[in-house]
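When the chains are written out, they are named A, B, C and D in that same order, and each has its own residue count from 1.
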Amino acid sequence: MKTKQEIIHLDFEKPLIALSKQISELEEKALKNGNSKIIIDLKNQYEKVKEQIYKNLSPIERIKIARHPQRPYPLDYIQSISPAWYELHGDRTGKDDAAIVGGLIEIDGQTIMAIGTQKGRNIKENQRRNFGMPSPEGYRKALRLFYHAEKFNFPIVTFIDTPGAYPGLEAEEHNQSHAIAMNLRELAGLTVPIIAIVTGEGGSGGALALGVANRVLMLENSIYSVISAEGCAAILWRTKDKASEAASALKITAQDLYKLGVIDEIIPEVEGGAHYNHNQTCENILNAIKSHLRELKELSPEELKTDRQEKFRRLGIFNRV
Amino acid sequence: MGLKDFFKTRQLKKAAKLQSQLSTNGNGHDLKVEPSICDDQLCVLWTKCQGCNELLYTSELKKNHSVCKHCGHHHRLTAQERIDLLTDYGSFLEIDDNILPSDPLNFKDLKPYKDRLKEAEKTSNSKEAIITGIGSINNQPVAIGAMEFQYIGGSMGSVVGEKIVSLAERAIEKRIPLILVSSSGGARMHEGILSLMQMAKTAGILKKLHEEKLLYVSLLTEPTFGGVTASFAMLGDILIAEPRARIGFAGRRVIEETIRQKIPKDFQTAEYLLENGQIDLVIPRQNLKPLVSDLIRLHSQNTKLKTGISPFSKIPLFAGV
Amino acid sequence: MKTKQEIIHLDFEKPLIALSKQISELEEKALKNGNSKIIIDLKNQYEKVKEQIYKNLSPIERIKIARHPQRPYPLDYIQSISPAWYELHGDRTGKDDAAIVGGLIEIDGQTIMAIGTQKGRNIKENQRRNFGMPSPEGYRKALRLFYHAEKFNFPIVTFIDTPGAYPGLEAEEHNQSHAIAMNLRELAGLTVPIIAIVTGEGGSGGALALGVANRVLMLENSIYSVISAEGCAAILWRTKDKASEAASALKITAQDLYKLGVIDEIIPEVEGGAHYNHNQTCENILNAIKSHLRELKELSPEELKTDRQEKFRRLGIFNRV
Amino acid sequence: MGLKDFFKTRQLKKAAKLQSQLSTNGNGHDLKVEPSICDDQLCVLWTKCQGCNELLYTSELKKNHSVCKHCGHHHRLTAQERIDLLTDYGSFLEIDDNILPSDPLNFKDLKPYKDRLKEAEKTSNSKEAIITGIGSINNQPVAIGAMEFQYIGGSMGSVVGEKIVSLAERAIEKRIPLILVSSSGGARMHEGILSLMQMAKTAGILKKLHEEKLLYVSLLTEPTFGGVTASFAMLGDILIAEPRARIGFAGRRVIEETIRQKIPKDFQTAEYLLENGQIDLVIPRQNLKPLVSDLIRLHSQNTKLKTGISPFSKIPLFAGV
């Protein structure tokens, strides 16, 4: 995606756009009249409003940023952070699911298996990539690549941005449940470092199937949830209109999940969201990967496996009476 | 008002009541609510079959493990009934009954989660959505767990995850087979991401169990969906389902909304899964115990060939539970 | 199949049928005339002709016996030689291929994984079983069962009777080649005893995919070939009419393959072929399995694997100059 | 008669001649015979493209690795040309060129196999259907083999099997990657069951190679079918095909006869395989060497992490070949 493209603004950014427009108009006049005091005031106001909006994003607003059509997608990160990129294809049994991409990249002279869910940028690409909703074959391709990484001792880095595993007839026929379950189980058994990064939407089991990692990271405006806010609202509030309430109740933001101890780090985005500056976000992601890889390198294969298993063994909050 | 009408009215009322309680099951799959066969005094004598509408003597139906003698319909069993069906009389000793749900997210939709928990306990007469313990099947020790669908749709939250992991750890410690009976709408929304993480947590311990070469028989009963199917339930060495049980990843309604077409009638039934290569066997309830018993026997007798040690130690049943 | 059924005779048995008819007619007359000398002579002649025919079966005649519609099929052997038979189903990814059957049997108190290709007895069953020509999903089911056997230390016995792997559009789409190749590779790595028995047609790669064993046995009238005689004739002789020549040239009989050192034992059938006496053939097969299992039990897991790999490593005849 | 007509007539004649020689390729797949680009004096200067019928300067075509500059058609390469394409100039040292075919079955169809072998040697200028040896790719040592389609359709008999196994054993011994380039109609009928057994033999050694965690890159070129696809060719860690190469299990004609319907045009092309998840990459010939080279590099650099030993030892190239 070209970053020169005009940014599509979100609802809650309207005050900023209004202010910005006002400033532009006044600046035009100012050129004639030299009346700059108002402009300076307005600009200060703009900065304040901006800070207020972006520092206090509600969960539903985070969802909108996480789903922003101009947000970088896994392939953007992958191709930006590595000079090499050899995409590998197919589950070997009948399909190459384009909703999941995977292949070899290189970071600091180390070969890494990169795997991600991938949305499309336009209708045609979205048809091909099924809006980033993987089929069982996609998860099986990922599993094949996990094994490949294990064989050659490649660390695994996953990029997660999916509404969820595809709920369709053929997906059920081809055993979506089993495909996800196997990935959960087999990821638990690998002896290479695994880093999972939720970059956009972390949609339920379909996201988790790439998420059983030694380190789970989230971009600042990404979300990760057991169910979509809309789906939850429809069931528990009996109307999708309550998605905002559901989003808040479910605790789906990076900030909430960090507090809950479910994720290990929040990777910062630029103000307004990653779509305002792809390059900066890619750089932040690359630095995060490098630093976690450095730490994980200190662990032996068996330690890596145990570390991962114990990490997930601990998750859950209950009372023991 | 004849006897039939009388029952019809009663059952409609009960169904409505249960619907409101169970609408929160798991990920909200569109699972037909089945009124418990008999839970008040007026229903003591007669029960109306969910399959063929025949009126049946409740005591006879119970004796037949809640399978209708006319049409073979398998009515749902409670977790305790399931344990009684499978284990030798008096052999079952529950473990981890002190692990109880909390409200980690302070979750509130139209009702606080705390209230739902209390109601669920009353409705289901169970403290959570699973019972686990050690018992024997024809004198063969097993670690066994059965889910309670009446408890918030058998949904998996932190307690279910913890109890399954703890049970599997006993199986590993004692080198005895693991038997899990699923019946669930999926992950429990009210614990948000923590419920999702139970998928990875249960799958992770099953990796260990698998590496220890211990037998895991997974029994899928009406209904098993979502995060439960997509984690531990699909990972059995042997997968068995009851006739007509509905099993799948996504719920029927979600799929219909997604693909905008009607779904074949037998979709996601046990028989459909068998035809699509997803499970090993569909077995009527009355044959379950002999089958599971014989499978355990067959899986116990060979390992001495290789290591000189039987895979399932014949330690005294309740030693150190 | 009921053995009381009338035997369908093959072309080359015509002299016997003629003689037999003659004898019957004479015997009827003899009851009136007491002229028994001719009958005794004829009976002697019958025995001589019979011996001549059955001791000198040409390869194409063996093919006819191997394909005889009343010949016992793998499920006949499996169900006859073991008191227990639990068929396990499915490849877990979308299909249960009925052209391959597999499951648990028990011989001498030992659990065994039995796997076979299976033809149908009538049109309907043949549609379901695709005339015993497996799909990739069938081979993947077999692979799943191989792994199951390896996990629980079950010896594997395969029964091979297939025209070959199915050459169809969907089979190619689902990667028939890979399915077969994986079985060849993975069978080479197992550490349990493996016995393969060609019971009818051993059709090329589709047969070999169940045939990488420590011991390869053939029934007396079975065949095993790189290509069907008809197919070979069509290509090399440019007409299918030369199938008989091709059959001879290809060296496909148990006797030829034993001489070539490709198989380890010929299991006897009754005179005329296994279809004349199912029970006797089953008994012979059971005895062969028992005796080879006894021998293989003496080997350690690693020795079993090495034995199998070296067995196939040696196969091939060439000049080293 | 213009230049075009002259070539057309010549090529038709040559095609007919080759057809008669090559009709015996492997399992007799219906593979279009492609006259060798230039094998007599009259064709020295000009070659007609098999893809677009353009007349091309032979020397330029050769310089372009026999890829047409107009339409991109990839003409078949001889085994030696393939080796030259992939390995560093002067680095390749052939091994096992003393392993030569025999006639183990005394096979004779319309012609004795012995005569066919002699003819094949003459036509193909090669002693068997594969060349194997040790070489380097951008200074990285590899064990490499390339099949010769002009030699009895690149069919696999005892020699091909033995040479592949021997090559893989060198790869294991030296801990270097294995590269195999396939081009074959399948197993060679004239050696009967022994040809079939080469499938198991080659797959068996690949199990060892796999357990040793060595890289195996399989390159599938026009055409690869039958017993070659269904054994070693499909077992690569990375599977690469050339554009438009036809690859499959069963031949097109066999499938059409079986299913009695027309087959889609792109069926069994490299692109079709990619779409159906069967191969990793489709790569134009000019990019092959850099790609394979980089893949080897990426697969060599990580293993020290785990064991302290690089997977591919950097031993002097020809030491003890």
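In this section, contacts are C-beta pairs under 8 Å (C-beta built on N, C-alpha and C of every residue); 3 or more make two chains touch, one makes a residue touch a chain.
Worth saying up front: this structure is predicted, and the values here are computed from it rather than measured.
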{"item": "Chain of greatest Cα-centre distance to chain C", "value": "A"}
{"item": "Between chain D and chain C, distance of the C-alpha-averaged centres to the nearest whole Å", "value": "34"}
{"item": "Distance between the centres, which are taken as Cα means, of chain C and chain A, whole angstrom", "value": "55"}
{"item": "Cα-centroid distance, chain A relative to chain D, in whole angstrom", "value": "43"}
{"item": "Shared interface positions of chain B, touching two or more other chains", "value": "210, 276-278"}
{"item": "Chain A, residues touching no fewer than two other chains", "value": "92-94, 173-175, 178"}
{"item": "Contact pairs between chains, per stated definition", "value": "A-B, A-C, A-D, B-C, C-D"}
{"item": "Complex interface listing, chain C residues touching chain A", "value": "92-94, 136, 140, 173-175, 178-179"}
{"item": "Chain C to chain B touching residues, read off their complex", "value": "84, 86-97, 104, 106, 109-111, 137, 141, 148, 151-154, 191, 297, 301"}
{"item": "Chain D residues within the chain C interface of the complex", "value": "23-24, 27-28, 98-102, 104-105, 107-110, 157-159, 161-162, 165, 187-189, 191-201, 203-208, 210-211, 226-227, 229-235, 248-251, 254-255, 258-259, 263, 267-268, 276-278"}
{"item": "Residues of chain C that touch chain D when the two form their complex", "value": "165-169, 171-178, 180-182, 184-186, 188-189, 204-205, 208, 211-212, 224-227, 231-232, 234-238, 245-246, 249-252, 257, 260, 262, 308-309, 312-313, 315-321"}
{"item": "Complex contacts: residues of chain D adjacent to chain A", "value": "210, 213, 215, 237-238, 274-281, 291, 294-295, 298-299, 301-303, 305-306, 311"}
